[in-house]
Each structure stands twice: as C-alpha cells, then as structure tokens.
Amino acid sequence: MTAQQFLALAPILSLSLTVIVLMTQTSIRRNPHLAWWITAVGLLITLWCAEYASGFTQQVTPLFKVDLWGLWFSALLVFAALVSLMLARDAFPAEGHRKEEFYLLLLLATLGAVVLAQACHIASLLLGMELMGIALYAMIAFPKDGSLPLEAAIKYLVLSACASAMLLFGFALVYAATGDLSYAGIGAKVGAAYVQNPVLVMTGSAMVLAGVSFKLSLAPFHMWTPDVYQGAPTTVTSFLATLSKGAMFIALTRFVIDGQLYHYPALLNALAALAMASMLIGNWLALRQTQIKRLLAYSSTAHIGYLLVILISLPQLAEGSQLAPLGRAAVSYYLAAYIVTTLAALSVVHMIGGEDDTDLDAYRGLFWRHPVQAATLSVAMLSLAGIPLTAGFIAKFYVIALSYDAQLWWLLGTLVVGSAIGIYYYLRVIFSMASAAQVTSSAGESQRGWRNPLAILLLLMVLGLGTLPQAFIDLASQF
Amino acid sequence: MSNAIGLVPLLPLLSSLLLMIFGARMTRPMITLLGVGSVGAAALATAALAMEFMANPQPIEITLWTWMKVANLTSGVAFYVDGLTLVMMSVITGVGFLIHLFSSEFMHQDASYARYFAYLNMFVCAMLVLVLADNLLLLYLGWEGVGVCSYLLVGFWYTDRANGRAARKAFIVTRIGDTAMALGLLLLFTELGTLDIQSMVGAANAKWQVGDSLPTLACLLLLAGAAGKSAQLPLHTWLPDAMAGPTPVSALIHAATMVTAGVYLIARTHGLFLLSPTAMTTVAIVGIATSLLAAVTALMQSDIKRILAYSTISQIGYMFLALGVGAWTAGIFHLMTHAFFKALLFLGSGAIIHCLHHEHNIFKMGGLRSRMPVTFWSFMIGSAALAALPMTSGFFSKDQILLQAYQQASIGPWLWLAGLLGALLTAVYSFRLVFIVFFGNAKTEPDREIGWAMAIPLTILCALSMVGGYFALPLAQVFPTASADHPAHWVEIVSIGVPLVGLAIAYGLYLGRQLSAPSWTTGVTGQALREFWFSGWGIDRLYDGLLVRPYDRLAALFSSEPVDRFYSAIVDVNQTLHQWLSSTQSGRMRWYIASMVFGLIALLGIAFNIAPGAL
Amino acid sequence: MAMISLVLILLVGGVIAALSERLSSNAPRWVALATIALTLGYLLAVMATMDDLQRLQASTPSDPATWLMHFKSPWIPAFGINLEMALDGISLLMVLLTLFLGAVAVSASWTDVDQHQGFFEANLLWTLAGVLGVFMAVDLLLFFVFWEVMLIPMYFMIAIWGHENRAYAAMKFFIFTQASGLLMLVATLGLVAAHREATGVFSFSYFDLLHTPMSETTAHWLMLGFFIAFVVKLPGFPFHTWLPDAHTQAPTAGSVILAGILLKTGAYGLIRFAVPLFPTAAIEFAPIALFLGVAGILYGAVLAFAQTDFKRLVAYSSVSHMGFILLGVYALNELALQGALMQMIAHGFSTAALFMIAGALQERLHSRDMRQMGGLWQAMPRMGAVAMFFVVASLGLPGLGNFVAEFLVLLGVFQVDRWIAVIAALGLITGAVYSLMLMQRAFHGEPNPRFENLQLNDFGAREMFTMAAMIVALVALGLYPQPILDTTQSSVLGLVEWIAQGVAQ
Amino acid sequence: MQELAVPLNHVLLVSSLLFCIGMLGLMMRRNIIFILMSLEVMLNASALAFIAAGAHWGQPDGQIMFMLILSVAAAEVAVGLGLVLQVQRRFKTLDMDNANRMRG
C-alpha cells in the first residue's frame, strides 16, 4: 500500500485511532467526560479526514473503493454519530462509570458503518456490517435496568445473525457461480455465470437481498424494527435508525450498481415487491401507533421503501434520460434528508422521554412548554411526510421524478398511496404537541442547555436542505 | 324632468336605507314623515313626469350607468318610460302612498314601526325598478327585489312560526317561477343577443316567424315567471298564505302592485307573445282556469283576507285572460281598476281587523254597517266594483275583457262563457262577504271607528273605484290597437246582466234567505266537495305530497352524507389493515423469524418468476 | 421583487405577531392588522408607480411581458425551478380579496380566540402569505410549494383553536388536500418530463410549460391530476366531504379564511393551470366537469337544507356555490369565466360574513345547533338584519354580487349546454330553500327560552364595521361590477383565445 | 482450475440442507441456547458453501471468508452468551417466547 492509499483511508484510520486512544485512556483512568471529549474530537477529526481524503480517491486494496460518494457518506454517517454522541452525553446516569464503553462501542459501530459505506468487496462488507452489528447488540443492551433493552438486544442479535447468515449464504452462492468476491468482479462475471447456472445466481442474489432487507427493515423483514427501536435506549435508536440504515443502503446501492444485478428483471421485480410491501405495510403499521419510537420504526420501513424506488429506477434510466446523472444525487439527497430528519425527531424524543419510549400523550402541549423543540419535531414530521420547504419534500420530489421517468407506474401509485396514509400519523404527532396538556409535568424532560441549539441546528438543516437544495445538488453532482 | 326619473325609485330607497340604519333611534313622527313622505314625494314626481309625458308622449330612455358589460352582454341600469310604465308608476306610487298613509295608523302600535316602513319603502323602490327597467335583467332585479320584500313583509311578525312558513312559501313558490323566467332570459339572450326589451322584440320579430317553436318556448318560460309572481295556476298557492302579513301589505303587495307584475311582464313583452299564438292561448287558458278555480274557492272561505286573496287570484286570472286574447289595453286597464278597488277592499278589511281585535273570521262578524259606516261604504263600493256592477270602474274593464275574449279566434266563445261564469261567482262571493260582515246581528263589537289616516285613503280609493273606469290610459302607442268591430249586442247585454244575477243570488242566499242551498250540498258528497273547494282544490296537499315531503325525505336521506361513507370506508380499510398488521407484531421472535423465512421464500419465488413481477 | 416582498411582509409580520404576545393579548391582533394594512398599502403603492397599468387591456397567458408584473430568479437551477411570480388581473383581484378577507378574519378573531393569540395571528398571516404565493406563483413547483405550505398554518388554526371535533376535522382537511396535492405533484413532474422530452429543456415555468406538446393520453392523465387537486380544494362533488367538517370545527377566523380564500385557490388553479395547460383535454373533459358542477350545486343545496348545525349549513351552501364556479370554468367562454371569477369574490364576502355570524352566535350561545336558536332577531336585531342581508345575498338576490356571478355563469353555460344550465338553475330554488330555512331557524320564530340565562349582546361597533364593509362590497359588486369585470377581462379573453388556439392546433 | 473431488453442487446442497436445518431450529426452538446453536449452524452452512466455492474456483478467497465468518460467529456468540446470562438473571427463564413485552 502506498502513502496515497493510506491517506485515502484517512477516515477509517482516524476512527480506528480514536478507538485505540479511547481504550488506552480508559485503561489508564476512567473518566467519562474525558472519554466523551476524546470521542467527539475523534469524530470531528474524522469529519475533517473525510474532506481531506477527497483528494486521494482511488481503489485501496480490493476491499475499499474510496470515492467522493463514499467519503461524503462517511462524513454524513460520522455527523449522525456525533449527534448520537451529543444525545448520549447525559444518558445512562445509572451506568455512569461504564460510559466509556458506550462511547467505545459507538465509535466501533461508526467505524463499521464507514467501512460499509466504502466497501466494494464482500469481505469488507461482512467486516463492516458485523463490526457495526455486534457493537450495536451491546449498545442496545447497555442500560443496566429494565428488561426492554435486553429483550430488544437479544431479538436484534438473533434476527440480525439470521439475516447475516442468509446474506452470507447468498454471497457464497454468488461466489460459487462467479468466482469473484468484489462487486465489480461479480458484475463482470455474473452475466456468463447466469447463463451457466441461473439457479445459483438467482438464489444467491435473492438471499443477499433478504439479508440486506432485514438490515434495512424492509417488509416483510421489518418485524424486529419497532421492538428494537422501542427497547433500545433512544441514543442507540438514533444510531440504529440513521447510521445502520444509511450505511447498509449505500452498500446495497453499490452492490446493485457495481454488481450489475439490474440486468435481471426478476431481481428488479423482487426489489419492487419489497419496496411496495414496505411502503404499504410500514405506513399501515404506523397508522394508529401511539408509541413514538415504534411509530418512527414503522415510518423508517416506509421510507426505505421510497428510497428503494430510486434504486430501482436508476438502471431503468441508464439510457438517454437526463435524470440519470441525478440518480446518485437522489440517493445521496434522500439519505441525507432522511438521516437529518430522523436525528431531529429523535433528539426531541430523547429530550421528552429520555432513553425510554413514550406515548404521544407526553407530547401534549409541547408547543407551549418547549416551542423550539416542538417546532423541530413538527418540521421533522412534516419532512417525513414530504411537505414542501422541508428536506423530505425534495427527497420525495426526486423519487417521484425518477419513478415517473423510469415509468414505474405501480411503484409511483403505491408511493402516492403510502404517502397519503403517512400524512395521518405524522400529523397526529404534531396535533398532540399542539393540543392542550393534560398534565403539565415535565418530569422526564431533560432541559440541558445544549438541547435547544442542537434542535435549532437540526431544524435549520432540515429546512435548509428543503429550501436551498441547489447547494447540495451542486455538491452531489461531483460524485 | 326626464332626468329626474331616477328620483322616483331613489326617494323610497333612501328613505328605506335611512330607516334601516337610524330607524331604531328615530321618533315615530319622524319615521312616519320619512316613510310616508318619501312615497308621497315619489308620487308627486310621478305626477310631474306624467304631465310632461302627456304633453309630449314620446318614450323616454335614460341610462344611469352600465351595470355589466361582458362579451356580448351589455346591460345598463337604464330606465324606459312609456305609457304603460307611467300607468304602473302611478298605481305604485299613488295607491302606494295611500296605503302608506293607512299604515301609519294601522301599524302605529307596532314595536317594529321603523322596520315596517323600511321594508315597505324598499318594496316600492324595487317595484318601481321593475316597471322602469328597460332591459329584462334589470327588470329581473326589481322582480326578485319585490319578492324579497314580500318575503320580509309577509313574515313581518316573525315570532309566529306560521308567518315565517307563509313567507318562505311565498318566496320559494314564486322563485320557482322566477327560475323559469331566468331560463327564459338565458334563452332569449342566447338566441337574440340582447336583453334590452325594445331591441329584443325587434330582433325577435326579425329572426322568428309567427308560430316558431323558440318564441313559444321563451314565452312559456316568461309565462311561468309571470304565473309565479301573479299567483296563477299552478303557482298560485302562496298568495292565500301570504295574508299572514300586515293587512296594508296585502293591499299593496298582494293586491295592487306586486302580484300584477306578471301581467306587466307579459304586456311589456307582448311583442314576443304575438309571435306565438300557442303561448297566447296558454296565457288565456291559464288565466281563465285560475280565475274560475279561485272564485269557487273564494266562495268557500271564512277568513276575510283569504276571500280577498282568492278574489285577487281570480281577478288576475281575468287580466291574464285579457292578455291571452290580445286585449292588452283592457288587461292593463283592469290591472289599474283592480288596484283601486282591491286596495280599497283590503284596506277596508284591514280597518275591520284593526277595530275587531284582529278577528279574521267573517262568521264572527256581522252588523258592522252602522258601527263602521266609512268602512261599510268602502266595502260596498269596492265589492260593487269587484263584482263589476254597471258604472263602477270594474265594470268597464271587465266588460272590455269579456267582449274581446268573445272575439278570440279559436276558442273565444268558450273563454267568454267561462268568463261569465267567473263574473257570476265573483258577484256571489263578494256580496256574500258584504252581507255576512255588515248586515245581520253584531257578533263582535268593534272597539272604535277608524281615524283620519285610515279614513282618507279609503275615501280616495272609493272615489277612484267609482270613477276609475273613465280614465283614459296613454297606452295607444304601446300596444297594437284592438279590432274595432263589436260583437253582437246580446253578448254585451249578457255580460252586463250576469253580475246582477250574482248579486241577486247572494242576496237570496245570505241576506234575504229566500233561497236555500240545494239539498245535495249538505250531503256527504256536498260536504266533501265543500271541503275540497275550501282547501283550494287540494292543490296545497298535492304539492305537499309531490314536492315538499319528497324533498324533506331526500334531505333526511342525504343528511348522513352518503358520499362521505366512501371515504370512511377507505379509512376503515386502512384501520383494519393496521389492526391486522399490528397483531402480527406479536413480539415473539420465532414468529419474526418465520416472517423472514416467508420473505425469503417470496423473494426466491419472484427471482424464479413464480410470482408475477411488480414492474 | 415586489411580489416576493408581499409574501415576506406577511411572513415576517407573522413572526412579530407571535412574539408580540408577550406585550399584551391584544398586541398580536394589532400587529396582524398592521401587517395586512402594510401589505395592502405596499401593493397599492407599487401599483400606483406602475406606468403600464394598461397591460390589463392586453394580456396573453403565454407571454409574461403582457402581464402586470413578472419576476424571475433562479431557485433550483438543476431542475429548472425558479422563483417565478407574475401578476395579471385575475391574480390581482385574488390578492386584493385575500388581503381584505384577511383583515376581516383578524376582526373575527378579536374576541373569539382567547388563548395563544400570538401564535394564532401568526398562523393567520402565514396562511395569507401562502395564499398570496399561490395566487402569484407561475413556476409550477413554486406554486406547489405555496399550495402545500399554506395548509400547515391552516391546519394549526383548526387543530389548536377549533371546536369539539377539531382533531378529526383538521386531519381530514389536511389529508384530503395533501393526498390530492400529491397527485398534482406527480402530474406536474409528468408535465415537466413531457416538456423536457419534447424540448430538452428542464423547466417548471408556466410560460414554458404552456407550450408542451404531448400525446392526448398523457394530457388527459396529467390534466386529471391537476383537476383532482383543484377540485378537492374547490371543493367539487364528490370530493367535498372534508369541507363541512373543517368549516364547522374551525375557529371563526379560520372558517372565514377557509371559505373566503382557500377555496378560491382551487378555482384559481383550475383557471390558471388545469385548463390552459391542457386545452384539448380540458374541452374533452368539460362535460364531466360540468356534470360534477351541477351535481355539487344540487347535492350541496339538499344537504345544506338537511343540516341543523349553523356552520355546517353554510359549509354545504359553499359546496353548492362552488358548483357554479366549476360550471363557469368548464363552460370555457368569456361570460361563464367572468361569472366564475365574480362568484369567487362574491362568495368570499357572503360566506365569510355568514361564518362570522355563526361565530358570533357560537360565542354568545355556546352552540351552533339551530335547534337551540330561534327568535334571535328580537334580542339582536342588528345581527338579524345583517344575517338577513347575507342570506339573501347567498341565495342570489339580484343587485348583490352573487347574482351577477350566478347569472353570468348560467348565461355562459346555457350557450354550451342548455340542459346543464336548466338543472343548475334549480340551484336557485334549492338555494332559496336552505337559505330561508337558516333565517327561520336561527333568527325568526319564538325566542328560545334558553336565552333567558344568557347575555345576548348585539353586534358591537367592531363587528358592525366589518359587516358594513362586506355589505358595501357586495352591493358594489352587485350594482357596479364593471371595474372587477374590466380587471379580469383581458386575462379571461386571453384564456379563451388560448384554448381556441390550442384546440385549433 | 483443479476439479473438486466432490461436485460443487453436492457440497452446496449439503450446505443448503445445513442452512435449512439451522433455520428450522431457529423457528422451532424456544430455548435461547438452542437458538444460538441454530444460528451457528446457519453461519457454518454459509462458511461451508464459501469453502466449497473457493475450492471450486481454486482460490484462497473462500477460505478467507470462512475465517472471517468463523470470527464473526465467535463474536456474535460471545455477545449472545453474555446476553443469555442477563436473560437468565432477569427473566428467570431461557424460553424466548416469554420475551414479548413489546408488541403492536
């Protein structure tokens, strides 16, 4: 490996280094505050590294493909990790002296996510995915008290492992058919392999899809999501909902595009079926849900469904469409919008309910108690619902534009139906905040000084993405 | 002077607005001065206008401002004054003034004195606009305006539910006619490209031949409007109920002016009706049928105002008959004389009601001849004119109508015969009223005789009812001249004699008791028939069953908003799906794994094209 | 730039109103009034300095140079989306109506809203800002943005300050309009895609998209997307069911805004977008639209008659009146279009006033149930008289604005389809039935014994002033509508010609 | 390319069977220990498939994947067993059907 390649890997290296520093520090003298700062600084440096590495984009070993797109996503994921870290700042008072471990796990999971975002090989994919996954099991089960986190962790562990097994078995079959483990290699050989042994290729791909669908909580692989979202501490939920999903989706996009799996209508059909099922089932499940974290879980199912529509439309646009270059930008934008919005929502949820899930009733009168927080949650909900001037609208705009151009009528129709259903439950959250409070207790509500600035920052990001998307589009056009 | 035409409707309008805005703070004399004075001033202005017109009998046209100008529609707030308009204006302001004067005493005790005059003045204004309008759209404005004022005045004593009901009925039934008329306007405009009456008639004559179907259709639509406003079959049912309003209102609106608007409309557009013999005949038949039907009903009534109301319907039927047979001048002539004597009768009945503690039932009256002499003589004269006894004003006008009806080309003699029967009935019921109310034994004591403000209008109207038949109306330029030849003398003699026969019958039946009702009238059939006639031939009940109750039922049926059920169903489907799917989120891990396996199998299925693709 | 400033003034005014609550509970109302006055003043000042008002005499829909004002600045160039706004006679009228009724709504909220006044007035101003945007935007995406965003403050107004069933009503309102809005978004993107395929240019500009060649099927589907969105908002039968709930549950000022202005955005959308963008498809679709219009007229009237809730009755009467607008638009001739525009304005006044009366009654009687009313005239003669005026206005009394509107519509429709006009004319009768029933049940009859315990104050100076303004407006519209007709005439003519050209091609 | 002693498809079939057995175990077993064991079987099935495929193509990649899977499986089980201890402590049972407090 050359120095250039090392520089290209700067974000990964910086994260790994932070992990080592943190471990060393912890072993010397336990100090949660210091540990927090080390983590924060490490993440910030990683952000800078992501920028720095953009000068050295290249293939680094067969495992990583460092390109602008991946770096950009790495930065996004690290940003999400930073927000989770902010939330974790005064989480888990009961576990005070053990908190360094939480930061460590968080760093490891972030590292996994960043690896996943830049992986272009099944080995690195496996490593990233499992690094993230195993750290997450521990993070979910982190709180000492209460049985819900434990239940959530064990469910996530078993189901996730099952999904990993499916994924790996699928890859094994694909490998057996093609004899290559890198995405591009598979892409180059899959055509010939399909002619030789279609059963192997199709079975393998389907199983890979199944595994990925689980991680993305696409219906019908979504069932773990609400339980884990609910049981996990909100800090972890925010991590799970943003980094884990985001990184996995990037990996899927890379695999589908580089692996040229889109040549097989059957697979696209499978993706379309997943997307439709997710859009509908996710929205239906969320419809009358009153636990806000479960609601967000179901909503994530629906949103990944929408996102999948972009992925399906990409190959259809390959020839001649002016929108084709927009495709990747669309994925980037949607993920960014979704991640920022979800973070905004969960930061408010965290303020209200702490690490536990709360009923919507707890949000009654929030507008009059904490206007900033209420505004942030409202805008987040509107963004999830796809109302203009928020990030979610431009995201939906992309989806509709692309699916229209790719003539995916059924998906488009489902999208419209799903979005229409979605409005109901997003608005219900807003309605709760606007209605008069039954009790004015704000017992569980943490009122630390950094809450409002964080909320305002996320609010502005959601609105900024929604009102001035051109800047983002310019950025994304370089990918 | 012609520039001051606008002043005639403007005066009552201003007065009305002032009364509406400041009425609550005015004293009664001020209200009286404003309310009565404004109409008096309008009457004077009309008189001045009439003088000028007599001197130079040319139609006057003035445009105040352009109302709307869209595409080829141009409609101005523009007035057109010719002889016909002047006759109408004189009746409206003249009789109107007398009735206003009468009201100032009649309504003096009422708490809403200002509101009353505000409405009444508004009515006069709208009625003047109706007759002054030079285009049908503005005429329609006045037309609807008088309708609303009538609604307001019929329901003037709003605390009584029945009054509100009568007012609504009046408005809605006439609105049915109005809507037909509006459609007529649409048709005329679409076909002729203008709503200006004079140019429209010209265009119609240029475009259509006599007997074409389009003018017939247009005329029938206008006729429907006229029938609604003038209480002709089949839209007459509102008028008897409209008697719920104060009696002077009945005199002004439901006898003298508004109800004759239909007659005016047809007379005004006679140029169109002449293009359609069918429509003309229909007008005549509607008129005579209404006339007979209402006369029979009037004979059965016991409420003094309802008798007069049916009588009004019947008399307007005569006017329609006149219009239908082309006796334009006679029709308008009868309109005017009828305005005199019917206003007289209504005011007279108002005086009775006023003095008899709001008693309406004629069988509870009696012997009023000596106690209320002014009223008695008013009634005598009014009834004589109504019955068309010779030398009264009604005699001249009705005689002309009957004679010209006889000469109608197709069914003239039959119309004449029916008209005679009507005249007979008219004499019977009008003197039945007089005999029962003023002769015989006193049953209810009047508490006073009327004051001067009521007596003066009665006296003047008495005089007009007597001499009105000698007026020469300046209608020669408006209408085509009627044929000069007279029918046989016996026709004329019979026409004169029939009312006298009627008077004799009434005397025999109700005063002298020389005659007794035939035995069959007291039998079961007779009783049923009397009830049938009493209820106005059951037409109200018919409409109730045919229109009102079905509409109520329709509304009740729809009140649950059936369309919304479709959307509720969508919601329900989604809710059910939510519940069903939620129940799959059982929290059991093994079940979750099973769903993943299911998902895997499904994906494999799609990958091998087992399931149909979604793309 | 002036047009953006109009929107911005209202937005900023909203923020100030929200903050001013800390001063006193009355401050937000004065701020709101001042903001609206400022916006109006600014608009008039700009109009006064314009030396080319004569453009009102010659506007063609496809040429922005002939419009009164035109402003364009890039927003999202990647998609050809601009901050493009333009003003012609129709827009100008609608903007003026919006500001006028906005002030009326502030007046209506004066005593009605008794908590969170600041946020309320802010929402009111933001709604107005959104509506102004809708009436001026000519970039289709910008239009869509305003279209959707104006609903959010409206949603808040219903959801926070509404009556007993507000959650349901607010949700229904929002979902109906948003779901149909999604269809419009899809249709917009489809139109843009069609335009791009034909010309290679990515543009959301109205003036570009007017010249979009497309197949007949495409045009039909896209037109339908726009049509449904607009007809839901209008609302036309059978998409009207959100309206009675929303109107009934909204606070008075909310009902005023909803009925007076928001519904008009649907009509405006039809006139501005749904018809001219797809002239041929619109003409082929016209019979169905006319049928829906007539159905709405009669259905609304029958249901209005069946109601016992004062506001619900007025709401259904809106459905009926909006049917006339649908008729007017799809008769596609000058008379009917002018009538439809007139109806938009006249209905704005008459219904806003009736809702204010309903609100005043609710404030005094704590009920909207007409079975709990009766004989109110005696206690409140001023209110009764005012109610009588607006009732006869709404039943289409000649001499008032609504008549001019309905008559022109009927005249226009009659030239297209006689039977439709005949059936629509039945609406004149059914309209009278429910209008007078309203009067009877609320104000006439014997005074309800329940009133003895209530303090029934007649309309005060503020309310009478507001009402008088609307009375004067309606009378002026009814007796001298020519200035209004002249303002819109060139746009309407341009539209009619545009359609004729489109069909000729 | 060196041919396998056993045809690739046969090995894949065996590993598929293993995978299915693991999956069935996952679905049918209620005890968390057995569930973890079933997971192990599934992971090993894929590891076997990788090895066979690697051997089929004569590449070392398959075996590397096997090593990776091995370590991943070990890590999973390590965390899993840690959780099992907690489960036993808090729920007093290893029956996973009892862990269904979150639903709906």
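Which chain is which? They are A, B, C and D, in the order written, and residues in each are numbered from 1.
As a convention for this text, a residue touches a chain if its C-beta (ideal position, glycine included) is under 8 Å from a C-beta of that chain, and two chains touch if they have at least 3 such contacts.
Everything numeric in this text was worked out from a predicted model, so none of it was measured.
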Of B-D and B-C, whichever chain pair has more C-beta contact pairs: B-C
Distance from the mean Cα position of subunit D to that of subunit B, given in whole angstrom: 94
Interchain centroid distance [CA atoms averaged], subunit C/subunit D, Å: 64
Subunit B and subunit C: spacing of chain centres that average the CA atoms, whole Å: 37
Computed distance of Cα centres, subunit C from subunit A, in Å: 42
Per-residue overlap in subunit B, given as positions that touch at least 2 other chains: 582, 585, 587, 589, 593
Multi-chain contact residues (two or more partners), subunit C: none
Shared-contact residues (touching 2 or more other chains) in subunit A: 154-155, 158, 162, 166, 226-227, 289
Pairs of chains found to touch, sorted by chain label: A-B, A-C, A-D, B-C, B-D
Contact footprint of subunit B on subunit C as seen in their complex: 237-238, 240-241, 244, 299, 302-303, 305-307, 333-335, 338, 375, 377-378, 381, 385, 388, 392, 397-399, 403-404, 407-408, 410-411, 414-415, 418, 421-422, 425-426, 428-429, 432-433, 436-437, 440, 443-447, 479-482, 485, 489
Touch list for subunit D against partner subunit B, complex: 23, 26-30, 35, 96-97, 99-104
For the subunit B and subunit D complex, residues of the former touching the latter: 582, 585-590, 593-594, 597
Partner subunit C, residues of subunit B touching it in the complex: 20, 24, 65-71, 73, 77, 115, 137, 140-141, 143-145, 148, 151-152, 155, 158-161, 164-165, 167-168, 171-172, 175-176, 178-179, 182-183, 186-187, 189-190, 551, 554-556, 558-559, 561, 563-564, 566-567
Complex contacts: residues of subunit A adjacent to subunit D: 122-123, 126-127, 130, 134, 137-138, 141, 147-148, 150-155, 157-158, 161-162, 164-166, 168-169, 171-173, 175-176, 179, 181, 200, 226-227, 230-231, 289, 291, 294
